Amino acid sequence: MPASPRTMPAPPPSFGDVRAATEALCTPLEIEDYSAQSMADASPTKWHLAHTSWFFEEFVLRQATPAWRFLFNSYYEAVGPRHERPQRGLLTRPTVAEVMAYRHSITARMEALLASGRLSALELKIVTLGLHHEQQHQELILTDLLHLFSCNPLLPVYRETPPAGPRPSTPLTFQAFPGGVVEIGHTGESFCFDNELPRHRVYLQPFRLASRSVSNGEFREFIRAGGYTQPAHWLSDGWNTVQHEGWHRPLYWRESLQEAFTLAGVRELDEHAPVAHLSFYEADAFARWAGARLPTEFEWETARPPGGEVWEWTSSAYAPYPGFRPAGGALGEYNGKFMANQFVLRGGSAFTPAGHIRPTYRNFFYPAARWQVSGLRLAGDQA
Amino acid sequence: MPASPRTMPAPPPSFGDVRAATEALCTPLEIEDYSAQSMADASPTKWHLAHTSWFFEEFVLRQATPAWRFLFNSYYEAVGPRHERPQRGLLTRPTVAEVMAYRHSITARMEALLASGRLSALELKIVTLGLHHEQQHQELILTDLLHLFSCNPLLPVYRETPPAGPRPSTPLTFQAFPGGVVEIGHTGESFCFDNELPRHRVYLQPFRLASRSVSNGEFREFIRAGGYTQPAHWLSDGWNTVQHEGWHRPLYWRESLQEAFTLAGVRELDEHAPVAHLSFYEADAFARWAGARLPTEFEWETARPPGGEVWEWTSSAYAPYPGFRPAGGALGEYNGKFMANQFVLRGGSAFTPAGHIRPTYRNFFYPAARWQVSGLRLAGDQA
Amino acid sequence: MPASPRTMPAPPPSFGDVRAATEALCTPLEIEDYSAQSMADASPTKWHLAHTSWFFEEFVLRQATPAWRFLFNSYYEAVGPRHERPQRGLLTRPTVAEVMAYRHSITARMEALLASGRLSALELKIVTLGLHHEQQHQELILTDLLHLFSCNPLLPVYRETPPAGPRPSTPLTFQAFPGGVVEIGHTGESFCFDNELPRHRVYLQPFRLASRSVSNGEFREFIRAGGYTQPAHWLSDGWNTVQHEGWHRPLYWRESLQEAFTLAGVRELDEHAPVAHLSFYEADAFARWAGARLPTEFEWETARPPGGEVWEWTSSAYAPYPGFRPAGGALGEYNGKFMANQFVLRGGSAFTPAGHIRPTYRNFFYPAARWQVSGLRLAGDQA
Amino acid sequence: MPASPRTMPAPPPSFGDVRAATEALCTPLEIEDYSAQSMADASPTKWHLAHTSWFFEEFVLRQATPAWRFLFNSYYEAVGPRHERPQRGLLTRPTVAEVMAYRHSITARMEALLASGRLSALELKIVTLGLHHEQQHQELILTDLLHLFSCNPLLPVYRETPPAGPRPSTPLTFQAFPGGVVEIGHTGESFCFDNELPRHRVYLQPFRLASRSVSNGEFREFIRAGGYTQPAHWLSDGWNTVQHEGWHRPLYWRESLQEAFTLAGVRELDEHAPVAHLSFYEADAFARWAGARLPTEFEWETARPPGGEVWEWTSSAYAPYPGFRPAGGALGEYNGKFMANQFVLRGGSAFTPAGHIRPTYRNFFYPAARWQVSGLRLAGDQA
């Protein structure tokens, strides 16, 4: 009789591949680029490199050195006190070389341990979690570098890429879904985060969902129609944010509305590509202006849109699924304690590692966050 | 065939009674008490008196004078610019006497209009809305005065009331509910706010709900067990708030944990009375410490607990019901634009007018708000 | 042989007259006006009424009641903890009637004590100090009310006064002074504050001083010449303040530059009257734009300009005179501890009680303060 | 007949030596250390390296490239808009190598120009100013690095130096000075900053000045006597700062009061060495506690104490000397616009280049600044 997926996880993805993929992201960087922190929400690349190694040291090797444990613990209260998050950019030491040496020693010790066959099923699950955790940080390395470079008037290029040709226009259509009682949440033996469980039933009203996400060209129409100047489109907190932050367009768009800053420098906006770097508030306002609404995360999951272009804001506040149980110990802090004041995004972006694009995956950010690759897809009620 | 509840509202509650009830709350006040604003979330009594009159002038009489329209519009963007909310305490003029004269003139004009029979069905609905609106402000007058007086080292008494005798101990039991597809939202012809509609189906897992809300004595146990010092009980945003605000106990509790400040002055805490003046974060932390959780607003509505002691925080983020449509024009701002970042409370308190205690009523506040009469009731999953 | 002015003060000014003058300022007020606080720098009238009474209770009668001592101590650390300054507007109790009763009881007890002849020379000096202290608060009552009323969109009138006729134009001339070693500081037997002592020598370079203070018309020229938009005129901290605060004109001037808000409501600006409600930064910027400079307080005192129109900013940072010795005990905090980061003003305004206009009087405020009746007089070096 | 010192400056100090000395300070740094900014008052080393080069490019070569001009202009409004000061730590590009290449190109172009003999007397004066400017930044590089490293829990060592042996105890004595009319300000043909001119007369009362600055051991006594807990010792603004910032000891002192963080790491405090890293407020409070006072800058200059151990706070607010005229153009912003809200320090520290230690040199910082090598020397009045 097969064991349940929770007690016998699938073999972990290749440890070495994940570790190498993280380091490959650093190839274009100068040493100076690793240490700077452009805002409290973002972290220096060096910190990501160290933190994802500390994770294995703390939770698998269980031998973290006190000073580094203090520096590279992100938010685990049960592990002990931590370096203040907004101060991460002041850690000029350890150097990049020292952090890389640390990474390599952790990788080596982990690979020896994995090869030894001495890890318990629970420990193997933590290793798998650690790799998915590291892949989450791979995406953050890119979004945080994009933000950092955007703060530099020289607008540095992370990597030159040939411009993609213009995309063809794709008409926006709506597909109807009947609703009713549906099953939500992860199923099967493959890995998922605890916030995707337990699988449970939800009742949906009939709904419609757009065939693709909103494009740059469509969002430009919203701007030109005065979208950022008319409070009627906005949630109250959203309107306050627009005024307080002086928002006039998506983050990284240039004033011309024709170009945006990207990891390849300033590039022309493709009007048929998905709009990105929106806050929840902007996504919500666009939808209202368009006579539509955001989908709930349950509608999204039921409709199973393909992901991988942009993370799509849903109207669902991030909350535990019925019967949710966080893990015991410090790892119980992985997801559960953030289940307030944030909104769920579904889908995944071009920055997202492939293994993180699945219909049940729940990403989450505060509604004013814009530095992720976040857009939207329209939804509506059935007539 | 009966008309639908939305096109033919029940006759409005007595206009004169509601208006008089608001003014009766002012009987114990000194002139000085009417104008002060103790924090941006609260408003001066005088402002409440004027704003609830402006509502009728703006939306029924449609003749608001520009200066007063500017001063006493709360948040209706469609009506035009407004006096900044945190500055309401600086309006020493108009005087209390002038505001009372304004109230009485509005009341007289409204009563003449109501007696004339010339109001359309839509206008009558707005009158009814205005009366329920005024009743909401009746509760706010009391919570805002309590907060104001709590900021005064002299701890003024709003009204002397004889101490209630000690309550008997009531054992806390849990009732089981089977879940399944349930109907949520207002039904019938009586008044409700737009956020209680449309009535719709929700799927609930089996759940358990406590027979009463958490008591002062039970909450004191949480404090004595170190509840405010252990991050493991708290949501991440909650723990940050506890540390930033220096919270050690419910708002208005005295350091002894035996007494609290009330509208009758400092009173001994009845250990069997419901705990009140908790933020969502404190309610959530208590529930986690107790091995339970907060109910969703749908569980609460399905179980139909009696209200009227304290507002009970639910785990539900305030969101529109499927198919929600705000009214057109400025009144569409009444509820809809606040549907982000807040949590739903159910029940009602001793400060709540009777007509606002019903199973489908949705109150909502930000998760750090503590100046309302807010407590909690425990829930859990079925074994 | 006469005793020194410090050991044998002149008889105190009439106690009853000073007390009555304070209360006379309240005649035009509504009860609502007494309690509001429009910014942390200002205080409610009620607070001024109580504080000036507490002063006598604390330092002469020596029987202050603990709660009121807590509420109405301004800044005397040696007296004990105090109510937080920015919270003064929340003290709706004690009521105006209670504070007036308190005032009258203090006045009666003090008058009895004064009549008894039992006060020592030191105690009589403290009484005199208390009366001058109360007169300082008389001016603050007016400046704080003006600020409060300016925050009310209804622009209430404190007292109607007939408009003065237009002033004649007065040509601005400069008088030359030879400089050299001069004597600075109070002399003689009459009262002075401790910060006017000791009399001491200062060396002055030859200087020139304007025959009158800068007029509204002259300041309007500065604005029209782009004075508020050109950093070259400004001190670095001043320019930062201009940009951060969005200053475009003197406080209380209307956008037209033709009118200003006054205690008599909005009034046309008399172009030949002295400009008022300038910060030090604005005064300094005007002087630089005009090819002149502010005088030092020693130049001002030496030249002995007549006071009584506006307080005139000097270029002198507020500092102790050589040999300055604050009094022992709490009264030593009266002036000395403020001798950093403020600038000296000389002269006196139409709001200033007559006994506070003398050549050696040192008023002082932070350089960004604008709610006092503060203008400037030009000075320059000798060719 | 000799020309005046202002029109015919002394030959500039060796251009190459000054440039090389700046770069020599970077020898111990890792690449990561150059870019971080630990607070708004401090700047990254890389920024100092570039800014001191830009100075010559802007004011002598007059060919600054727009982007770098934007990045490395410090505060010259007349030059145009600037990169926001608190964002300097985000400039990971240009890299250290690029900045060094820029430095070397500027050095080479300047040396060629100097060798050409084509520079006017005015241009040579600007070169000299630029070199003194660069030397000021040499000291800031060290104080800013010390602050940066102090924010890193690893407490990195900038450079290992052998501990100096313990200093002998030196008794503190006071020397009496007669006062009278003295001459203040720079004289002679050697270089000085514009704020040291014009030489002018000041009248001093007789005073006493200590034979050395206050020692670590003496300051420790102040702490142990409760100096940081008793408001009576403090200026009002100082006491507010102590409470708001949670100050308990000099910046960089460890909690034991026996050790301090230095550029050589944590080192034992020598009780006979001068106390350093005090704010003006702490210096002033110590002096009051000790029954003394701070000297004025004029007393200090008249007494001509040797400098070179610590900068010594004076009681003098930073103000222009009588007749002060800033230079025309952007260089007029060098000193003059900062002459408000700061206090003068005299002396010089172990971090100060030798050419900046002279009796007339006026250093200046805000009274809460502690990251400079700032201590105090006691003064008093003549009995």
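For clarity, chains are labelled A, B, C and D in written order, and residue numbers in each chain start from 1.
In this text, a residue touches a chain if its C-beta (ideal position, glycine included) is under 8 Å from a C-beta of that chain, and two chains touch if they have at least 3 such contacts.
Keep in mind that what you see is a predicted model, and the values were worked out from it rather than measured.
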Touching subunit A and also subunit D, the following chains: none
Separation of mean Cα positions, subunit C and subunit B [Å, integer]: 46
Gap in Å, rounded to a whole number, between the CA centres of subunit B and subunit A: 36
Approximate Å spacing (C-alpha centroids) for the pair subunit A, subunit C: 58
Overall pattern in which the protein chains touch one another (line/ring/star/complete/other): ring
Residues of subunit B defined as touching subunit C within the complex: 30-36, 38, 46, 67, 70-71, 83, 87, 89-96, 148, 151-154, 156
Touching residues (chain side subunit A, partner subunit B) in the complex: 75, 77-78, 181, 200-203, 205, 207, 231-232, 234-239, 280-281, 284, 315-317, 319-320, 322-323, 337-341, 367, 381
